[in-house]
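Labels run A, B, C, D, E and F following the written order; every chain starts at residue 1.
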Amino acid sequence: MKLRLGLPKGSLQEATFQLFKQAGFNISVRSRSYFPAVNDPELEIVLMRAQEIPRYVYEGVLDAGISGLDWIMENEADVVEVADMVYAKNTPNPIRLVIAVADNSDIKSVSDLNGKRVATELVRVTQKYLKENGVEALIEYSYGATEVKVPHLVDAIADITETGSSLKANNLRIIATILESTTKLHANRSSWEDPWKREKLQSLAVLLQGALRARSKVGLKMNVPGAMLETILDVLPAMKQPTISQLVRSDWVAVEVILEEMQVRDLIPALKRAGAQDIIEYPLTKVIP
Amino acid sequence: MKLRLGLPKGSLQEATFQLFKQAGFNISVRSRSYFPAVNDPELEIVLMRAQEIPRYVYEGVLDAGISGLDWIMENEADVVEVADMVYAKNTPNPIRLVIAVADNSDIKSVSDLNGKRVATELVRVTQKYLKENGVEALIEYSYGATEVKVPHLVDAIADITETGSSLKANNLRIIATILESTTKLHANRSSWEDPWKREKLQSLAVLLQGALRARSKVGLKMNVPGAMLETILDVLPAMKQPTISQLVRSDWVAVEVILEEMQVRDLIPALKRAGAQDIIEYPLTKVIP
Amino acid sequence: MKLRLGLPKGSLQEATFQLFKQAGFNISVRSRSYFPAVNDPELEIVLMRAQEIPRYVYEGVLDAGISGLDWIMENEADVVEVADMVYAKNTPNPIRLVIAVADNSDIKSVSDLNGKRVATELVRVTQKYLKENGVEALIEYSYGATEVKVPHLVDAIADITETGSSLKANNLRIIATILESTTKLHANRSSWEDPWKREKLQSLAVLLQGALRARSKVGLKMNVPGAMLETILDVLPAMKQPTISQLVRSDWVAVEVILEEMQVRDLIPALKRAGAQDIIEYPLTKVIP
Amino acid sequence: MKLRLGLPKGSLQEATFQLFKQAGFNISVRSRSYFPAVNDPELEIVLMRAQEIPRYVYEGVLDAGISGLDWIMENEADVVEVADMVYAKNTPNPIRLVIAVADNSDIKSVSDLNGKRVATELVRVTQKYLKENGVEALIEYSYGATEVKVPHLVDAIADITETGSSLKANNLRIIATILESTTKLHANRSSWEDPWKREKLQSLAVLLQGALRARSKVGLKMNVPGAMLETILDVLPAMKQPTISQLVRSDWVAVEVILEEMQVRDLIPALKRAGAQDIIEYPLTKVIP
Amino acid sequence: MKLRLGLPKGSLQEATFQLFKQAGFNISVRSRSYFPAVNDPELEIVLMRAQEIPRYVYEGVLDAGISGLDWIMENEADVVEVADMVYAKNTPNPIRLVIAVADNSDIKSVSDLNGKRVATELVRVTQKYLKENGVEALIEYSYGATEVKVPHLVDAIADITETGSSLKANNLRIIATILESTTKLHANRSSWEDPWKREKLQSLAVLLQGALRARSKVGLKMNVPGAMLETILDVLPAMKQPTISQLVRSDWVAVEVILEEMQVRDLIPALKRAGAQDIIEYPLTKVIP
Amino acid sequence: MKLRLGLPKGSLQEATFQLFKQAGFNISVRSRSYFPAVNDPELEIVLMRAQEIPRYVYEGVLDAGISGLDWIMENEADVVEVADMVYAKNTPNPIRLVIAVADNSDIKSVSDLNGKRVATELVRVTQKYLKENGVEALIEYSYGATEVKVPHLVDAIADITETGSSLKANNLRIIATILESTTKLHANRSSWEDPWKREKLQSLAVLLQGALRARSKVGLKMNVPGAMLETILDVLPAMKQPTISQLVRSDWVAVEVILEEMQVRDLIPALKRAGAQDIIEYPLTKVIP
């Protein structure tokens, strides 16, 4: 029995393969093939454009896939969301589908779009949003480079942005956010009813999320004189129970704790001041709470 | 005193240098030089073609070298095998020297090769094999691209293959396996008799194999309520004794174990179900049993 | 409040960014920008040429910067040295500013440089050194490729070298060393008087040096029968107190120690002989003594 | 006054720029810009996806553009065809939009497609064709990699092919040709009515076609004894009147002719045999008959 | 006897080598060498930074060199200008050394620079210019990336620009032009007095300028009925005497003319209308008037 | 009927394809294929290592091939030499197979090689040469990087060199030249007896050599007052009869001549002095005398 899984080809492919490798699955692409090998006989991987994955999951050609919420909605794909996967990105913000116009345009809000031309790669989501806002506009499919079409070719665009910096560089102004989108492991409804496939998908979700969680965390280990243990524990973030072990032939203890990498910046100087010695930080591959 | 060691130049070079780095030896090539620097004053590295290393080890120009069994045999090099080194490859299979013919060829078995032309990079090994099978064939040395020579230039080839996929892509059919080959750390017989060199080689073998072993393994650490330790231990593979330490000021224990990375896929969900908490996985650099 | 920090653009940039990442700071350059983003709201990074950083630190345009002692001196920049940072290099030696002449030149020592022409990228440091040695020479600024100017264009050069191999390849002979230089985290004198900035700089120094220290060290963990603990401890380097924990339900102990990676080469075989089992080595991200 | 011209971005861009350069127009792209500079103040170039150019020409956003007949039809763009432009390609054949199925599929002809799923980048053209053939099929838009979708994701594809070799490599069989397509310089109907724009477009067409024609032709020049001129002229292709000039102070004549490069292969040996001397071949930039 | 010639290394190197190749001199660089081989035994080429060439020419280390007027002036090099060489560039404009400030700066003219800090790679030229304008400013040497230093590090810059687009992209405003600069073949005064060297330099100038001239010109050849020759000649630019030859056995003439490539765009349609046939355009390597 | 032609794969491949393109044959390699397409239905191209081509030509697997004389001899291939092809190289010298030893070796001449070890890629040619010189040496096949094997691995090498600079860089000294080698179009003896194949090969030779000849030549055209024609003709090289045509409506003549590119350097200044005007140089694709 196999689970057929669609993974995004193209710009996300390398990042996805690295995540799967960290989760314990080696995927190796034979040149130009869309059916890469994977070291798990229970998985069958299909590479395709992120835009198409939700459609094929919905239709049952795939059991499950990884794609963005934006494309799940554009395909109007009624699928099961198995897990939300926040890839390490430049910013922790989700990507957004926004409507933007030229900086110096008269269009100030969504209602000004009546009768205007809007280019987008996500025609249906945009159409639905504008309709819900009572706006009639001419929405046309854009094959790419959407940002440069304003103002020469269209009046507005609906485009994906993460930090907004590319829009700014093209002298565009955001007037509305249609949706926020993150990457989803999603499954076909019938596949999800199959107990074997559901358990496989849940295991996969645990491993992928364990890998993602480990990316922002580190292990910290230090030696502490028994007498100063309380002080040290006060310094450590409260929500986390450290692992404490008594050292043989001494009254010192070893303290080990898993922390957000961002916290370490402030903690290490504080721990040193509190008497911790031989502090080491080591990398993690998976973290399962 | 120095140990003179031949390492393969070319496609295996980068992988070999990474393995040595993981084993604790930094090798740095000055541009175009064949005598790279290494941070061990007891080693002298010579880069050369894998094909030639066994010959120079056999003749004593090198004390030891790293090359495949196939080239040791082709050079008819009477050397000491110090260690078998299975590099991380796409597949765990050893590479094989096989005889292949065109898919639609009349040649069905080795005995059909009588009087035929066979191209190969390993002329002597192939000759010896065919002779032992009572076959007289015209064996010619191939300078490369051996796979495309059938059927236009020769009737059959003897070529190295790992997964067979390249042979398949060239519409070739395997009719026999001459030998299976893995990478060997091998030594000159006189060098091996020298106690200092033998100990140096044995240490080197321990470190290289420790590094290779670590590539397929990970460390797993988790916290377990004392009462559930037995259940957890039942889940863990039997052949492996975990390290268990009592946590201070609690009745929990910390369990730490080294596992095959492939096992983790199934174990982590099982451990969670059995009550383990704060499971972390961390990478390893060397594993010495 | 922000600390404005100058980091070197160009050949050292990638290495500096990797070091900061290991220290816990993700720096991401937007294309062609000199003001990269960093995941610490208290830092403002400016990328510039290493040659100019000390000048701008001295003048107070930057609070602090990372550059070599050579450029601090060439800029005659009166700054505070916060930390010495020995990057992982090919050799552990510091880089040197040396005076070199053609192999077959009559110039044998610094005093022979009277009236000669000397090309260098560090005009002031060279001038000061020659003056102190009572030598009058014509020192001219070299825009690059300084090594090839001898003997056709100048009589001698003052140039940076690490291993001397590039000088040797150009048939040059070193006749004097002007200074040895390492990379310095250095600060503006007024910024250093500001308590917030000083504490920020000291924390930064702890994290960067913790990251650098971790590059040459590894963690080693092993299981040891209680009876053989003394033998094992004798094998381990004396200056280092290992962490020893009693294993539950057995008379074995777990021994964990942080070591120089270079020592591991000799220790692992020795530890095995002394009875240690299940030795694993794992990588470290930071080491704070 | 300016002519606004859309040129294809992406895989055809470099070839298009080279053709324009040969025709006498230097186009230089500022990084990431879609409005490249051109050394003709009467032209304004806009780079966009070939798929979108006909739509914007039809709507009058552009005066003219260069794109394939396939995309003109897919956009249902009622435009004026100014010139047919056969780019130098691997083969002289036009590209074709074909319907293909798996080699071993039961589908033998277009009528077998009733009720089947067909993926294509040219949904409307395909739909129209199938309707005209009385076939009802489910046509879905393909974002790319269309060839690998058969048989796992769809039953058939409608895809662009030049030599058919990529289809063959994916084990597909062509069952019908929907249309043949070449690259067209096409214009908006109103722009074409404007005399200045029409003349500008016609000049452009003369220069572009002159450049394309020159790519397959060469100039041939030779000296011939007056007495043998007739023999030489017999050898030369009949449709072509050569330029013959009398040489001063001799009874020789110089013969110059423009030929298809492919003819030269056979003509040069024949001309030599017929007595021509000092034959030279030289390259051409434009040929206007 | 040899002429020692300095050519610019780096960004101009490839363009310079191509120009010399077109002029008839093949220069081939052996890897990393600064003394490339050239197929003229009378030339000795030295590669160096364009900034340094005028200094070494002035001092007589080189007989001649190729560099910009800007660097000749910065080096205060009293040299002979042998030829002005306008490389094919994006624009026919010479490059300029300009003073620029931030768009929103209070500095409006050169006189506002009193007491301000100015960064530049051309310190002496800038200093001289400001002094002549009665301005006292702090001029500091910039090692590169000068454009991004305003406004954070300095108040103004003096920088080289061709189209001004890079300054605009950095939000800078030009307030003055210090000098316009083109590339010069320049010679040492004593070398120029040597008759052999002077003739060699003059020949070199003829060939290099012949090659540069040919880059913007093309050859045009056409057949014309004798009766229409006058009409055709009227169409051709007046300043240029075409080569007209009578064709044998016909009353047609062949007309051949060398033209600016930019003129061809308008001429070809006009010539066709005037009755010219078989118009061909061919490329040129050198044009010597 | 087809001529089967072997062309060298690898370092010479691109140069060979360009030469064939110039000769009028477009060869296009489909990825990884060894049987490229060519726009001549009478040719079938096979790509293979230059070392193997003569063997397969000799055995009749190929009708003809392009390879060096060195490999024809190493294969002891009794073939017909159809044409000598001097590719444009850095130097006009043929490549040589030389014997080289370490600079400071005691070996001074070939006779000193008795009993020594010699590494080479051309074992048979070297063996034959040494035997003819009465020397008994141990000749071993070298898989590459032959130059670095002296003195550590062997006493001498027999290696291919063009300028000797690579040998010099490895501190080697040439003691003998075994043979000089150029590239040969060579044919199988039976194929050569076939009239159709012989004519095809001869045509191919004419076109290839015409293309090679054109690489070092250029066309020169100038206008000359009738009165000065004699002076101009005196300046032009004697061996070459220029084409002279009377200009219509003037007493000027047009002079056209094909010259070595190297001569142009001296001729252009001389022609100008002699009164020639409007000198143009244009490139050639083929020159057939």
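Brief remarks on what is shown
We take it that a contact is a pair of C-beta atoms (placed from the backbone, for glycine too) under 8 Å apart; a residue touches a chain by one contact, two chains touch by 3 or more.
For reference, the UniProt names are A, B, C, D, E, F = ATP phosphoribosyltransferase.
Not measured: the values here are computed from a predicted model.
Touch-path distance (fewest steps) from chain A (ATP phosphoribosyltransferase) to chain E (ATP phosphoribosyltransferase) is 2. In terms of their C-alpha centroids, the spacing between chain A (ATP phosphoribosyltransferase) and chain B (ATP phosphoribosyltransferase) amounts to 36 Å.
Taking the mean of the C-alpha atoms as each chain's centre, chain B (ATP phosphoribosyltransferase) and chain D (ATP phosphoribosyltransferase) sit 52 Å apart.
Chain centres here are Cα averages; for chain C (ATP phosphoribosyltransferase) and chain E (ATP phosphoribosyltransferase) they lie 43 Å apart. The set of chain D (ATP phosphoribosyltransferase) residues touching two or more other chains comprises 245-246, 282-283. Interchain contacts give a graph that is no line, ring or star and is not complete, per the touch definition above.
Listed by chain label, the pairs that touch are A-B, A-C, A-D, B-C, B-F, C-E, D-E, D-F, E-F. The residues of chain E (ATP phosphoribosyltransferase) lying in touch with chain F (ATP phosphoribosyltransferase) in their complex are 24-25, 28, 30, 37, 39-40, 202-203, 206-207, 210, 214, 219, 229, 241, 243-246, 253, 256, 258, 282-289. Residues 90, 165, 218, 223, 245-250, 254, 261-262, 264-266, 268-269, 272, 277-283 of chain D (ATP phosphoribosyltransferase) are the ones touching chain F (ATP phosphoribosyltransferase) in the complex. Across the interface of their complex, chain A (ATP phosphoribosyltransferase) is touched by residues 9, 34, 46, 48-49, 51-52, 55-56, 61, 140, 142-145, 148, 152-153 of chain D (ATP phosphoribosyltransferase).
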